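Multiple structures are listed underneath, in structure tokens.
Next come two complexes built around subunit A: one with subunit B, the other with subunit C.
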Partner chain A sequence: MVSRWMYLSLVILYGFLLGPFIIIFMASFGANATMAFPPQGFTLDWFTNVFETSQFIDSFWISLQLALLSTIVSLIMGMPVAYALTRFQFAWAGMVETVFSAPILVPGLVIGFAMLNFFVLLGDMHVMTGLFIGHTAILFPYSVRVISASLRNLDPYVEDAAVSLGANRLRGFLLVVLPNMQAGIAAAFVLGFITSFNNVPVSLFLSGPGVTTLPVSMLSYLEYYFDPTIAALSTLLVIFTVLLVQTAERILGLSQFV
Partner chain B sequence: MIRRPNQTRTIILLVAPAFIFVLVFFVLPLVFLLSQSVLPEEGGFTLTGYFDFFQSRVSRIVYVRTLKLGLIVTGICVLMSYPAAFVLARMPARRRSFLMSLVILPLMTNAVARTFAWLIILGRRGMINQTLLSLDLVEHPVRFIFTETAIVLGLAQLFLPLMVLPLVSAMENIPDDVLEAARSLGANRLTTFLRIVVPLSSDGLVLGATLVFTGSVTAFVTPAILGGSRLLLMSTLLRQKAVILFDQHAAAVVAVVMIVTTLAVNLLLRVFRVQQT
Partner chain C sequence: MPHLEIHDLTVSYEKNKPTLERFSLEVEQGELLSLLGPSGCGKTTTLRSVAGFIQPDAGQIVINDRDYTHLPPNRRDIGLVFQSYALFPHLTVFYNVAFGLRMRRIPKDEIYSRVTNALEMVGLEAFADRRPAQLSGGQQQRVALARATVIEPQVLLLDEPLSNLDARLRVDMRQEIRRLQQQLGITTLYVTHDQVEAMSISDRVVVMNQGEIEQIGTPESIFAAPETVFVADFMGFDNRFKAEVASVQGSKLTVNWGGAPIELRWHSKFGSPRPGAGAEIFFRADNASLSAGSEASGLAGYVILHTFHGNELRYLVETDIGEFSIMQDSASQRFEPGTTVTVQPHTQKWIAIIEETEEYA
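And then the complex of A and B:
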């Protein structure tokens, strides 16, 4: 059934998907500053430049803190929701599901803009708080969905058995359910972390003077400079992501949740 | 399923914290946005913001361009993914999971990095122009950046995985027997593909198309880098109205039009799914 030209379609698909990464990789080692292609010579200067640009270093730390904090909070608050949706049957379950998937349906740029107007301009909220709230809200759909999937794979009777043997509900959850959801929680964590770490649209409006996330500061760097520093930084980020995703994939089989 | 008398109370306790969070920090700002679009600073309720938007030539052009490019990108993604997804779905599990992780990888890298590559490929002294110049096909560098083609290429590369993933998972569920039956009954490869594979994977196709289309019409980074202020899409228009023109009322109108557009597409998806079952 699979013919030879169908394999060609695979080559085209992967060429188109991964080609740009190869080009970024090559450009980040090229010696010419004007981004001509193919790059001439070999240098590591652009990588040095990344670490010497305080804009990138500062925003990297902000992105890291933001991604960790918002992922953890969205998981802690999302887990009980997933538990309620998978373990109980109730009339308004559909409504709850819709509300928690809504942040995916609304364009990120619009979310950022609405939050800027309401919290930062009207409510005088701190920039970092605004970013944290925005990121947490957009992560709920992921954490609720992934944790729900992992809870559905776990037989509810296991937990009932613990309760009938004398554990209370909370103890049953902490000692029986939670240890069995490790893979799901870890997958939700990786997915949430990457979603927040890479987000531009929500962060764009919510970033303020001195408080910018890494992708947004990359975008504003591009407005003024067009040199391979961005290529070098992108190469570093790709390596970081490959390591993260490959580790997660090997341990957990991440692709089944995406 | 657990049934006990105080079940409702338990459910409320479980759901409430996150629910209140989403209500206050997500729904409320959107309600405020909606009110901004109909209540200008001068006071009073008015729909002139929307009339102005659809009467203005510029914003009409931008809206139509956004939808048009979204459709083209979706079409390109469908054409590129369909045969490839079929090959992937028929592969031995080990090889497939490796290749699928290569599809996911781009999704996990930020859009600025991915769009930047197109500047190197399409730029004045980029890959394509250098090739054209060295082959003497053109005398001067051709302008590719700030064109619709550049935006389409960038968006297609960005959202292709969102088409491949649902297609592959839909096609995995087609049993080999069905395909063999079609073949043994005399259908050739193309007929089998069009009359068996395509209908049986339409779920994945519709989901993928919805994701790619809504992603394309709302994406910001790619049109900002490859289109700039010369070739605006809805997202870059929103940014321009809000940040450069400081017209929050008009920006709110653009934002609401974007929400309505994506919700309408998602509603169509839901209708399709109901009809399927």
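And then the complex of A and C:
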């Protein structure tokens, strides 16, 4: 009896989680001129339309560059912080951790609005620079957290062991610590990339004329049109994200860190 | 000439609160010396100073007549074994053991033969291609031993190497470490808080307390003749009571035991105590026996309870000067709780320790 109820609630849960995707997925192949469910007919026109809309193509490249760049920079900045937080005990460790978690805890809209005002104060800044700084800032705590988790799984004495066997501190780090951080770094990369690529609230404030990220341009497209182009694009994005995560999971066993 | 010398080592983590202060120790070539003491006594600090991970405020570390004090840890040629094994999780057993040899740029075929040989010594030649996570705790610690000894270090340092293992495995590993150490003839410093472990494995034992050496000697001498109250406590003397020194004759002193005088060995740091001084008397549970009834020539008491320990029964006996724990052969006469008994001392194994300075003649 218990298991029957469990199955039922699982089905309901999955229904709510996956239902919207299924509707979007099916609508993206529908021949109706506006979004409709159930869809009538079958066409790939909306997918063609995605690739013919320059607004989407341009913002896709911007989102991709932005996600790659801010993820990599946040990883490079996050690694030493994660290392320091897990390996050394210092007076302000708790405080540092709280400050670094702030971008996770503060609502994205607040961060975006605050950054917009701050950047305006700083004067003339290129839109892309602003987006890059904003995204790096929100990704940074994720990098620190995920890399810290992978470092906490590693016995701190392995470095001493390497040094006692003749490696200097740097070689000990490169030969013993870094290989064991690999999975954590990769996990942080995937998480950071997806977070940046999907971000709306911060990008919304920091986007400027001609420089817009994909989610923001999707939002503005929706304000004027209600045709299934957006559904087609969403389907493509879901497939892209799922493939990315699946590949990472298959290769690295991501889920132990996130 | 000793192989490892520590001279006047001073280490402080906090200002004006040194963990070690002018600490000196000498270890002979091929000797296994244990540093035994409770946590915080400075034994691990000593070990990490020898390894070079702690830079002392003052003092000197000399190995094989060469000053090591300012040598960085990666150039010290010291084998280190940790409580947590600290194996490299991403490398196979073979490459874990080969790590130190590769750092020394030893030719490949020599690395192969030395690693294989080291793995044979610890009985793990069949596990060369496994990862550490695929091994049991005991096997992991054997890999750690092979990794630390394959570089043929000047000194082997072991920091509580058995504390993460379960009780039965600990006894096996103890023997394995000792066998390997004697086979290689390697000078070894062994840190532990377990007195049984230190007794069974060492050539000599150093009992440490608050950064100071309380006593140094063979396991037998420390077991039989502790020189301080701390060592006697730590060595598991079950019974302790205070008594007044009646008289002193050379190496023996007399105290009163239930109305009759008994003669005991004594030890003090400051020379012969004067009559009337307070002494701490220590004896183990198996160094006294019980007889039925109240006798004139012994201390009378009554049995509170007894517990069964296989070949022995352990009695708790209440007397005028305190409660004593006394072991008897379980085949001998049994005394039920409430029975009046007399405690007969085996005084040749008892020891009197005098520590307070005003108690001396």
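The criterion applied here is as follows: the second predicted complex is superposed on the first by the 251 of 258 C-alpha atoms of A that agree within 3 Å, B and C clash if a C-alpha of one lies under 4 Å from a C-alpha of the other, contacts with A are read in each partner's own complex, and residues count from 1 in each chain.
Throughout what follows, contacts are C-beta pairs under 8 Å (C-beta built on N, C-alpha and C of every residue); 3 or more make two chains touch, one makes a residue touch a chain.
Only a predicted model underlies this, so the values are computations on that prediction, with no experimental measurement involved.
Clash-free side-by-side placement of subunit B and subunit C is the outcome of superposition onto subunit A.
Of the two partner chains, subunit B is the only one touched by A:90; subunit C is not.
By the touch criterion defined above, A:111 reaches subunit B but does not reach subunit C. Subunit A has more of its residues touched by B than by the other of subunit B and subunit C. One geometric descriptor of the composite model is the angle centred on subunit A: between the Cα centres of subunit B and subunit C it reads 90 degrees, in steps of 10.
Within the superposed three-chain model, A:54 lies out of touch with both subunit B and subunit C [touch as defined at top]. When the shared chain is aligned, subunit C comes close enough to touch A:157, but subunit B does not. In the superposition on chain A, A:165 makes contact with subunit C only, not with subunit B. Of the two partner chains, subunit C is the only one that A:179 touches; subunit B does not reach it. The minimum CA-CA separation between subunit B and subunit C in the overlaid arrangement is 6 Å, rounded to the whole angstrom. Residues 160 of subunit A touch subunit B in one complex and subunit C in the other.
By the touch criterion stated above, subunit B contacts subunit A in their complex at residues 1-2, 7-8, 10-11, 13-15, 17-19, 21-23, 25-30, 32-33, 36, 80-81, 83-84, 86-88, 90, 97, 99-114, 116-121, 123, 125-127, 130, 156-157, 160-161, 164-165, 179, 183, 189, 192, 214, 218-221, 224-225, 235, 238-239, 242, 248, 251-252, 255, 258-259, 262-263, 266.
Residues 1-3, 5-7, 9-10, 12-14, 16-21, 23-24, 27, 34-38, 77-78, 80-81, 83-84, 87-90, 96, 99-100, 102-103, 105-111, 113-115, 117-119, 122, 133-134, 136-137, 140, 144, 156, 160, 194, 197-198, 200-201, 204-205, 214-215, 218-219, 222, 226, 230-231, 233-234, 237-238, 241-242, 244-246, 249, 253-255, 258 of subunit A touch subunit B in their complex.
Residues of subunit C that touch subunit A in their complex: 51, 53, 72-76, 78-80, 82, 84-90, 99-100, 103-104, 144, 147-148, 151. Interface residues of subunit A, counted against subunit C in their complex, comprise 154-155, 157-158, 160-169, 171-172, 175-176, 179-180.
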